[in-house]
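Next come two complexes built around chain A: one with chain B, the other with chain C.
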Partner chain A sequence: MQWTLNYEETWLHRLNPAFKLIFFLVLFLLLLFIHNPNMITNVTVVPLLLLLFSTGHQKKVLLILILPFLLLFFSSASSMMFFGQGSTTWWKWGLIHITEESFYRGLHIGFRALNFALLGLLFALTTRPVYLFYSLIQQLKVPPRFAYSFMAAVRILPVMVEEFQQLRAALLIRGVKKKKGIGRITQTVTLYAVPLLSQSIRRAHRIAVAMEAKRFNNKERTYYYKPSFSKFDLIFLLYIAIGFGLAFWMSGAFPYFDITDVRQK
Partner chain B sequence: MKLKLSDILITIVIALVFGIIYKLWGPVYSLFKPFGLHIGDVIYGMWFIAGTVAMLLLRKPGVALLAETAAASGEFLVGSEYGLSVLLYGVVQGLGTELMFALFGYKRYTAFVASLGGIAAAVGSLVMDAAYGYVMDLALWNLLLLVGARLIGGFLIAGLLAYFLVQALDRTGVTSLVRPASDEDYKALDR
Partner chain C sequence: MKVGVSNLRLKFAGAPSLLFEDLSLHIEEGEKVLFLGPSGCGKSTLLQVLAGLIPNAVPVPMKADETVICESTGVVFQDPDAQFCMPYVDEEIAFVLENRAVLQEEMKGLIQFYLKKVGLSFQNPHIEISTLSQGMKQRLAIASMIALEPEVIMLDEPTALLDPEGTSEVWSTIKKIEAKQTMIIVEHKIDEIIDFVDRIVLFNSEGAIIADTDPSTMFSFYKHKLKEYGIWYPEVWEEHMKEIASLQGTRRGKEVLSVTNLKGYRGKNPKIEVPSITVCEGEWVAITGENGAGKSSLLLSLMNVMKTSGEKKVSNNVLKTVHDSRNQLAFVFQNPELQFITNSVYEELAYSLKMMNDSNVDEKVTAWLTSYQLEHVKSLHPYQLSTGQKRRLSVGTALFGSQPVLLLDEPTFGQDAQNTFQLLQLFEELRAKGMIIIMVTHDEKIVKHYATRQWVIEEGLLVSDRNLERVVEGNAHAMDS
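Coming up: the complex of A and B.
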C-alpha cells in the first residue's frame, strides 16, 4: 500500500505504469508455459533480486512482506505433492501417495506461485495507484469514467476504516455480545457489513452526482500527470530478457532435477 | 442500459471493499487448507462474492464482471500474495457470474440465479486452476473433493450469503438509489 509506507523512489518507480502492467501480464502468461522445474527455479531469482535491491523500501518491511510467501509456497505445493498422480512411488501412507512425478509437479507449482507473488509484490511496491490510473487512461485509452471512479473509490476506503472503528466502539459500549457458530455470520453481516456498505453506497452516489454536476464526462480532457516512456523501460525489458535467457540456459547446462516436464503424460 | 457514472462508482466502491476482504482472506484460506485436503476450499467462495452482490444490487448488464475485476485489482494493488494471478482469476470468475445473469436476460435476480452465478464463478476459477496448478493431474478422489468443495463454496458464500446480504441492504432503502426503475414503478405511477 503506497500511501502508508516510507520509501525512496528508485528506477522501478519511473517505469511507465501501464507498460509495467501489460509487461507483467505477459510475464504471467509466459510463466504458465514453463513446465521445466529447473527453469522455474532459476527464473525465481530474477524478480527476487529486483525486490531485494531495487524497490527502495526498508529491508524490515520487505522481510515482513516476503515471509508469508513461505506459507503460500507450501500450501500451493502440498496438495499436488501428497495427492498427485505419478508412477514412481516414494512413500505411501493411507491416502497420502507421494510419487517422484507428483513431488516435482508440486515443487513446480510452489515456485510458480512464488514467482507470481514476487512479481505482484514488486508491482505493488513500486507503482503509485494514481499514476497507474492516469497512465491507463492516456496510454491504454481506458475510459476516464472507470479510472476516475477507481481513484475516488480508493479515497473512500480510509473513511470506511474510520467508520468501522466507530461501529466497533459503539457496539462495545452498548455491550453487544459475539454469537457463536452460524449466528456469528449473520451477526457480522447485520452489524457490520450492512451499515458499512449502505453508507458507502450513499457516499459513492453523492460523489457521482457531484462529479456530474461539475460536468465530468468522457470527452476531451487535460491531465495533471502525463506518464511517458523513458530509458528505464528499456533497461527493465533488457533485464527481464537477459534474466530469463540466463535462467533458460542454466536450466539446460546445470540442471538440479532429472525431470524436465512436470505434466502427466 | 448503459452504465452511468454513479453505477460505475458505486460498483467499484463496493468492489474495493470486497477487494480488501479478498486480501485478508488469503492467509485464512492458507490455514484452512492443511496437507492439501481440499475441505478448506468451501471458503474459497468468498472470492466470488463481489460479482453477485454488485449484480443483485445494481441489476445492470456488465456489473458483475466489472465488480469482480475491480475487486481483484484492489486485492492486487494492496499486495496480494497471489500477485498477478488474481487479476486473471478475477476476470474469468466475473465472466462466469455475468454469464448466468445474462442467461436469464438480466430479468431475474433471485436466490436461485445468484447461486448459479456463484457456482459459475467457481467453475471459472477451476478452469484457471487447470492451467495454473495442473489440477487435472491430481488423484481422482482428490480432484473431485476440490471440485465439490469449490462449487459448494460458490453456492453457499457467493450465492446464498450474497443474496442474504443484499436483502438486508434492501431493507435499509439504499437500493432505491441505485436500481433502474422497474415495470412495477411505472405501474405505480398509473394508479
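Coming up: the complex of A and C.
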C-alpha cells in the first residue's frame, strides 16, 4: 500500500526546516494581532497563492486537503455570527441572533482559522519529517536521542495502520457481537487497543534495542543531511513581508467593510 | 578469548527461577559458533549479554565473575520490520555511519559500498524500506550491521520470519562476509549453515549447556535432542515422513466448495480473479505464489471480508456475507494474536459456542483443550502462550462449529519443526475425516508431502491448478481423479 504522496520538489521544500518552523510560529502569533477584517481577508491570499502554485503536489490532492478547512471556515464563522453579541440587529429568530458586530467578528474568526489552516497545510506539505528533525538537531540543538526516537516512531505508524486493518478483518471473521450503549465504547477500546498496543510496544522495544546495537549514543556524531540556509529562505521572507505589507496597504486604500477593528463595541 | 562469560547468573523480573545458573562460555577469535536449543531456553538472551546489550540497553538483573565483551560487535535481529529507525535505505545506513562519526562527504560512497556487499545495488539508494521484500530488508539489516565494521558478528535468528527464498538470500550473503570474522549465530533452521559453522553449543530447556562440540559429533550423538527441540536439521522431513508411516492417498469425495467468476477488490482494482473452481471433500489445497501475488486476498475474498463479485457456494449455501462465510469456512490468520478477543484460553474456545447458545459448552471446550494439548494452560491469557500453543489455539477458535472447510494463511510460518509437524498432523486428521484444507504456504516440503492439490497464483490470477500425487515412503498411491 502506498503511504506517501507523490510530489515534485519545489523551492518551498528547500527552505531550512527549522527556520520554516519558527517563522510559521511567528506568523501564527502575528495573525492573532490582526483585528481589521479587511486586512485579514487580504492576508489570506498570501498563503493561498503559495499553496496553489508552489507546493509541487497535484491539484486534486490539494483540493481534497483544503475541503475540510473550508468547512472549518464556515463552521467557526457561522457560530460566531449566529450567537455573538452586538447592538445593531440584522436578523433574529429564536436562539439565532445576527448583529452587524457579530457578523464581522464571525467573518474575521473564519478568515483567521482559514489562515492558520493554510499555513499549517503549507508547512506539512513542503516539509519532510526527516529533514525537519535533522534541522532541529543541527540548528536548534535538539538532543539527537529525542529526534531519532521521533523518526523511528514515524516509521511505525504505517505498520500500525496495516495491523489495524488485519485486526478489523479478524474481528469480523470471529463474529464479535457489538454491545449496546456505553458498553460498546469500552468493548471497542479493549478489542482494538490491547492487541495494537501490545504489538507496538514490543516493536518499539525491539527497534530501540536495534538502535543501541548500531551504537547510537550521545557521543559526537556526524550528519548525513546538513540543512543550511539558502537564497530561498530570503525569498520566502521577502514574499511574506511584501505580501503582508500589500495586504495592509490594500486594506487601507480599498476597504470592503466599514469596520476596521472587530473588537470595537 | 574474544567474547565470553564465566559463571553467569541471570533472572528476568517475575520469572520463578534463574534463566542461567553459573553458565560459562568462551569464544575465541575467528570462531563461528551456532547456538541451538528449544524455544525459550535463553539463546537469544545470552547473545544479547555477549553483545553487551544486556544489561546496558535492556536492563535485566545479572551477575557474572567475568564478562568479556567486544566493543565492536554488530547484531542482526529476527524481525525485518523492527530493526530500522529511518524510512529510506540510504538514511538507514547513514544512521550507522553517523554513529561512527564518519565524515558526511564520504557517506554516499560508503552507502553504495555496503549495499553492494550484500547484493543490494540500487542506482539511487534513496528507496523506501517499506517497499522491499522481507528478504531484502534482512539483507539491508546485514548491510547496516557491517557498516559498523564489527569484529564480532551476532545473528539472532535472522531468517525465522523469512520464506525459503529469503532464507537462502540471507545465508548466501552472510557466507560472503570475510571468513576470518568471529560469528555467533542463533538459529532454528540450520540446513543451510551446518557446513559453515565450526562449533555448536546445545542448550536444554533449563538454559544449561548440554553439549559444546563440532557439527559432526553433534549430529552423531545429539540428534534425538535436536529433534526433541524442534530444530530444522537437514533430514528432519525425511525422518518425519518415515515416522508417520503412511499418509492416506487422496480420495475424492463429493463436491463441496464451488467458486464462479470470483473477483476480490481492494478499492476499484481486482486483487484476485478466479474464473471457476470446485473443491471436493478430503482435499488438501496448497496455495503458492510470490509475496503480494494475491494469495491472502483469495482467502479474504472467500470470507467476504473484501469486496467481491461472482459466486461462492459451500454445499449449496451461497456465501454472501461474512456471517454466511464464517458458518461454512473456518479461517486462521497468519498472526494468531490478532484473532484473540478474550482473557483466557478457555474463554477463547468457548466464545463462539456461547454466542450460538450451545447447551454443552463446557463439555465441548474440555474436549478441544485436550485435542489441542492446551488443558494445562486453559486459564492463561492467550498472549502468555508459546508460539506453538498460540497457533493451535487460533486453529481451535476458528473451528468452533462444523464448518466443512478450513482456510489457513501460512499456519506453519515461524514455527519450529516439532510444532509444524504437530500442526500438519492435526490438519491431516481433519482432512481424513473429510474436511477441506486450503492453505497458503511457502514451504515446498508441505506441498510435496501433504498437499493433494496445488494452486499457483501470479499477479492476482490463478495460473495453475493441478492435482498432486502424495509422496509416500515405499508405495506411491494412485489417484482417482
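Definition applied: the second predicted complex is superposed on the first by the 257 of 265 C-alpha atoms of A that agree within 3 Å, B and C clash if a C-alpha of one lies under 4 Å from a C-alpha of the other, contacts with A are read in each partner's own complex, and residues count from 1 in each chain.
One rule holds in what follows: a contact is a pair of C-beta atoms (placed from the backbone, for glycine too) under 8 Å apart; a residue touches a chain by one contact, two chains touch by 3 or more.
Everything numeric here is computed off the predicted structure, so don't read it as measured data.
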{"item": "Partners on chain A (chain B, chain C) - clash or fit", "value": "fit"}
{"item": "Touching partner for A:Val130 - first (chain B), second (chain C), both, neither", "value": "second"}
{"item": "Centroid geometry (CA): angle chain B/chain A/chain C, rounded to a multiple of 10 degrees", "value": "70"}
{"item": "Touching partner for A:Leu157 - first (chain B), second (chain C), both, neither", "value": "first"}
{"item": "Which superposed partner A:Ser251 touches (first chain B, second chain C, both, neither)", "value": "neither"}
{"item": "Partner chain(s) touched by A:Met211 [first = chain B, second = chain C, both, neither]", "value": "both"}
{"item": "Contacts of A:Thr41 with chain B and chain C, given as first, second, both or neither", "value": "neither"}
{"item": "Contacts of A:Arg145 with chain B and chain C, given as first, second, both or neither", "value": "first"}
{"item": "Partner chain in contact with A:Thr55 - chain B first, chain C second, else both or neither", "value": "neither"}
{"item": "Greater residue coverage of chain A in the superposed arrangement, chain B or chain C", "value": "B"}
{"item": "Contacts of A:Leu191 with chain B and chain C, given as first, second, both or neither", "value": "second"}
{"item": "First, second, both or neither for A:Leu65, with chain B first and chain C second", "value": "first"}
{"item": "Shortest span in Å between Cα atoms of chain B and of chain C, once chain A is used as the common reference", "value": "8"}
{"item": "Set intersection of chain A contacts, chain C complex versus chain B complex", "value": "152, 154, 198, 202-203, 207-209, 211-212, 216"}
{"item": "List of chain B residues in touch with chain A within their complex", "value": "4-6, 8-17, 20, 26-27, 29-30, 33, 35-38, 57, 66, 70, 73, 76-88, 131-134, 136-139, 141-142, 146, 161, 164-165, 168-169, 172, 174, 177-178"}
{"item": "Parts of chain C lying in touch with chain A, wherever the complex brings them together", "value": "48, 51, 53, 56-58, 73-75, 77, 79, 81-88, 90-91, 94-104, 107, 128-130, 144-145, 148, 300, 303, 305, 322-323, 325-326, 331, 333, 335, 337-341, 351-352, 355, 383, 397"}
{"item": "Complex contact set, residues of chain A against chain B", "value": "1, 24-25, 27-28, 32, 65, 68-69, 71-72, 75-76, 78-85, 95-97, 102, 105, 109, 112-113, 115-121, 123-125, 127, 129, 132, 145-146, 149-150, 152-154, 156-157, 160, 185-186, 189-190, 193-194, 196-198, 200-205, 207-209, 211-212, 216, 262-264"}
{"item": "Residues of chain A that touch chain C when the two form their complex", "value": "3-4, 130, 148, 151-152, 154-155, 158-159, 163, 166-167, 169-177, 191, 195, 198-199, 202-203, 206-217, 219-224, 226"}
